[in-house]
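Letters A, B, C, D and E mark the chains in the order given here, with residues in each chain numbered from 1 onward.
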């Protein structure tokens, strides 16, 4: 079993690295389409988001519908930092610090919110996380932040009220969000962050802590009876997950020159959940593959014009049925066993 | 000093006095039985002892230390482990991992050590594997260490629960109907194993069981519960011949 | 036919201009993107029938961005792969800001038909067809002040929309200069854009004599209905987002009686250009065009005018085309559906807003 | 002709085969016991008979009619009740509601009331706890409820899966008496038990199951004295 | 007077949420699934009514047609997309499929009805009630909505608690296998639940669009989420809970806007929800069932 897990993880790393190498070769030889090239960073970001959510949904067994809220926090925190220090720090160190800040702030929020919220179960937890994501969205939506010679100014009302003095510049402008964030995200950094995320999640899961987390998921009362601290480990999983969600947010914020809260609504939280479930709950590699497939799919369907999202929806349903319906699973197993039997004969 | 001392334990649900003024006292190393008709409150006593329910009244002392009202987790840390009447395994985990989860507190390393795979991780994990297999071996489950716990037959699941409880290195082990769902032959084997555990793991055992062969075969002393109250207690043979016990519980 | 449009190895020796468009074709903002697409399609068809630009045919392809910045960049890249030489888009502001940054880096010519945020045309490659948020806010305040529409202003705006919030903020700033007092400014968000009774009541209680609505027409329709139900009789004043109000299917136009709006386009204007456009549009899509359709139409004609001024040819690279168009844009004057427009160096259009008042179920130009 | 004839059942869970050509029959008015080790397939047989699992192959004939393809809820209407393994009472409903649920297929209010009374008579504990949520009953109480609930459908035949599990000795005897009562009242019983000795002592006939197939059958008292059986299942 | 009129507006907005929430709760109660497509069935219901009315059909008949269409739609969705996943290894699988259905319905509507908003005619012709000399106005639609909500709650409560079908639903929601052993046709019962839920969705769609007369392919999405929130607020699975939850949500939304800030109204609503759930983890009417160990 151990060996199998190890092998499995190595395959995941190898696939990511192979993907990276293939893409890099295509980029250097110029044989990559603009679309694909533009998709590379978002793919990494969604994969990170999915893997991190899998820690909560798959391994900790809690349904969170507010993952996008934490990405939002990471994105805003890091983007504000980058905008403020744009002129005073060199690019790379600034971005590295931005990643840390995004992760940290999202993690701190995850921790604070997790304390009360993780007492709830199942669908109640889901709705509270969803609510939390919506609150974040609403608050950032009306947040204005500017800097002038006197320092930073914050307002949750109208930017009109915020009178900026000499050398004033708006950094966050309500619904318009943050524009002109330095575009520091790159495919290479994205891949490194994805590898790091996978590394953290799979190593965590296959450790003492991870065992405690999964045990609590499987049977909370039994877990308590063998002395596991339920709150501590749930909170730990949640906090690590939100921290990594923050990292995904940082990648997003530094990939486009427009950052608004619109992306970070419950639809995105749900979309990430779709990646996790479609890829197989608790299956890290599946999460990544599902994130890639479902992010790329609407782009590949562009040729279908008006029917694009319709077909996307249909494909999603069909994939779900194929992956999850017991009847489909039996069917697949039968085919598989027939196939392997034939091989034996040969 | 007594291993376990319970005084005047009470709990009621709504109007029902599920456990009423219950006393119990068990010496170190004893194999003690708790019997009584269905719904008498035996499982509830276990739940009170392990902090699943908080008693309305009463005191629970473990080796003289008051553990009344502590959380389940803390009570386990203090040295009480249990099995459940309706099996509660970590079904999606392997047999080995079920046991390793219970070794959690005995073999420590930091979360970060685990993520970074520092040498301490490998050392402790290896030690855990060895310890877990050793425990599984006692119950003849080592061969199935890689099976998902939920996929095992009923009888083996019961045994695995005992192993898991044992892995927390308890002073007091509470077994709730360990033989339920086992056939007579399996029950016979189980009796041997329970005795072996008591002798070799320096653990005191309190068990609930309806199988009189098992009870009379291994329990040294018994307490009989009836309608939440103690009916009688004493040496096994005496209790089992008590006419009141026969009337209320054994029949014939 | 042999109109092979999927081929990406286009520019060299190519016989057609490739204009890309980006906007929301699905999702809650789809109505705006589809309108722009329809308007632009119509313009392209006319141009091609009339012999094209500089004698070359035009291909136009619109990609969906679902009103999302990231998807908009994907759409932009898809269009680049297709061989786009000029971009008409994006339709909405936030995606436009993201796409503009890409386009600027590529030196791709960009004209947004309806992206109103200031930052939409940050780069030297970018132009705007519609009014910017500040312009609309300022012009609205000016108009209300100068024409004595009212003194005490109540505002209902969408705080989750940069368009709405942008206009409102600039309006509020400018109001002082015209002796107007904003007595109540009430927000709503895209997530709760059904019930406006509270906003209306607060404004009513504040004693406003004009309600300024820097929002779109679908919410306005609800506001008018609810105002009527609570018997709040006042002047409603809106911007270009209100165009389309009268053509909402099934809308009781009597509710809109007396509503004023500052818009460069009104579907029932009497000039020949508008009449023809509305008739053609109706024939093609069996709908009355909203202002977005006019924006899309004009944007294509702006490209045509600039292209002819700059004398570009389809075999030029996108970057060369951009250089040429950027110079020629400031030289042209477009007589479009949305007014007579010329462009400044910064990409902003110079045109006069028209004020209209709804009377008897019709826009009446003032 | 037998009341229930089961012929050549093959049942799979996914790719795992749980029954391999299981064949047996139950005559009207009999108690027939199925015994076998953990995982032999006893529960699977009962599930297949009452329609919860479709067999891959084989036939189930009840009162001369083929019920193999009939869905579970229709089989209840034909007169087979099932006391499932692990009780499966409706935890959120109270005791009374659970019992009423058992009479779901019946119409006559008066007769239902009669059945209720006779269940109360057999299980006085249930009568005391009519408004308690079934989920909070003790294990033994739940077993009584499951049994009472099955009787509420007034079945022609009742199949029971380990009804004595978790019951106190006095109550185990009680349960076996009740089973004999049920038989005496004219209901046929198919009984699965780990407590083979008790089961054989009240059964007319029995089948021994090993890894999904019947390996032995006969009169209950004969099996009770069979050396092989004694060693393997009676713990002697 | 302000307070009262806000309260009435809140209740009437809340009644719409409540009716949607009832559908959610019904389906949740049985299938234990969050039917994220529920809001979109509402949207379809609204379009059907609109099409029928503009086609000259009597509004009442139009509502009936819409209920039939939605019922069939709901049952079909259940059969095709949810039933195959009923025994899936994770309950989340069917949740995700519901999301797929939601996308599907939205995009079908987009293609069939177009993206442009359509206005609803004033077809509920109940005159407004004017109190306190016209200071306090209760619109006809609001009265109809509140009335409908009360009637539906009473009828559903009766149905679930007093009828055989209702009891069958409870049994199925707890243990499908055991329910079958009682002679309950599980498939039919689940189908019936979806039928009822979808018929309620049609009514909700009509009332939603009567109160807020505009429909687009995305009309159902946000009310769907709000109603889901309301259902949880009241204790998901509970019928009176859904009603109270819906109404409270409406009132809080309106009061939040009126007395705190219209800019952060959404945040206020959701904060109240979180606080309530922290105090009462299973919602206002949810049963806090302790697991028996």
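Note that in this section contacts are C-beta pairs under 8 Å (C-beta built on N, C-alpha and C of every residue); 3 or more make two chains touch, one makes a residue touch a chain.
Please read all numbers here as calculations on a predicted model, not as lab measurements.
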Taking each chain's C-alpha mean as its centre, the one farthest from chain E: B
Centroid distance [mean C-alpha coordinates] between chain D and chain C, Å: 74
Centroid spacing, where centroids are CA-atom means, of chain A and chain D in whole angstrom: 51
Euclidean distance of C-alpha centroids - chain B vs chain E, Å: 48
Contacts with two or more other chains, residues of chain C listed in rising order: 26, 159, 187, 189, 191
Multi-partner residues of chain A (at least 2 other chains): 134, 138, 142, 221, 306, 309
Multi-partner residues of chain D (each touching 2 or more other chains): 136
Topology of the chain contact graph, where touching chains are joined (line, ring, star, complete, other): other
Each pair of chains that touches, named by its two labels: A-B, A-C, A-D, A-E, B-D, B-E, C-E, D-E
Of all residues in chain E, those that touch chain C in their complex: 2, 5-6, 9, 13, 50, 54, 107, 110, 114-122, 128, 134, 137, 139, 208, 211-214, 216-218, 221-223, 253-254, 257-258, 261-263, 265-266
List of chain B residues in touch with chain D within their complex: 13, 35-40, 43, 85-86, 153-156, 177, 180-188, 210, 212-213, 248-252
Interface residues, chain A side, partner chain D - complex: 329-330, 333-334, 337
Residues of chain E defined as touching chain B within the complex: 293
Residue ranges of chain D in contact with chain E within the complex: 50-52, 71-74, 76-77, 81-82, 84, 88-93, 97, 100-102, 104-105, 133, 135-136, 149-150, 153
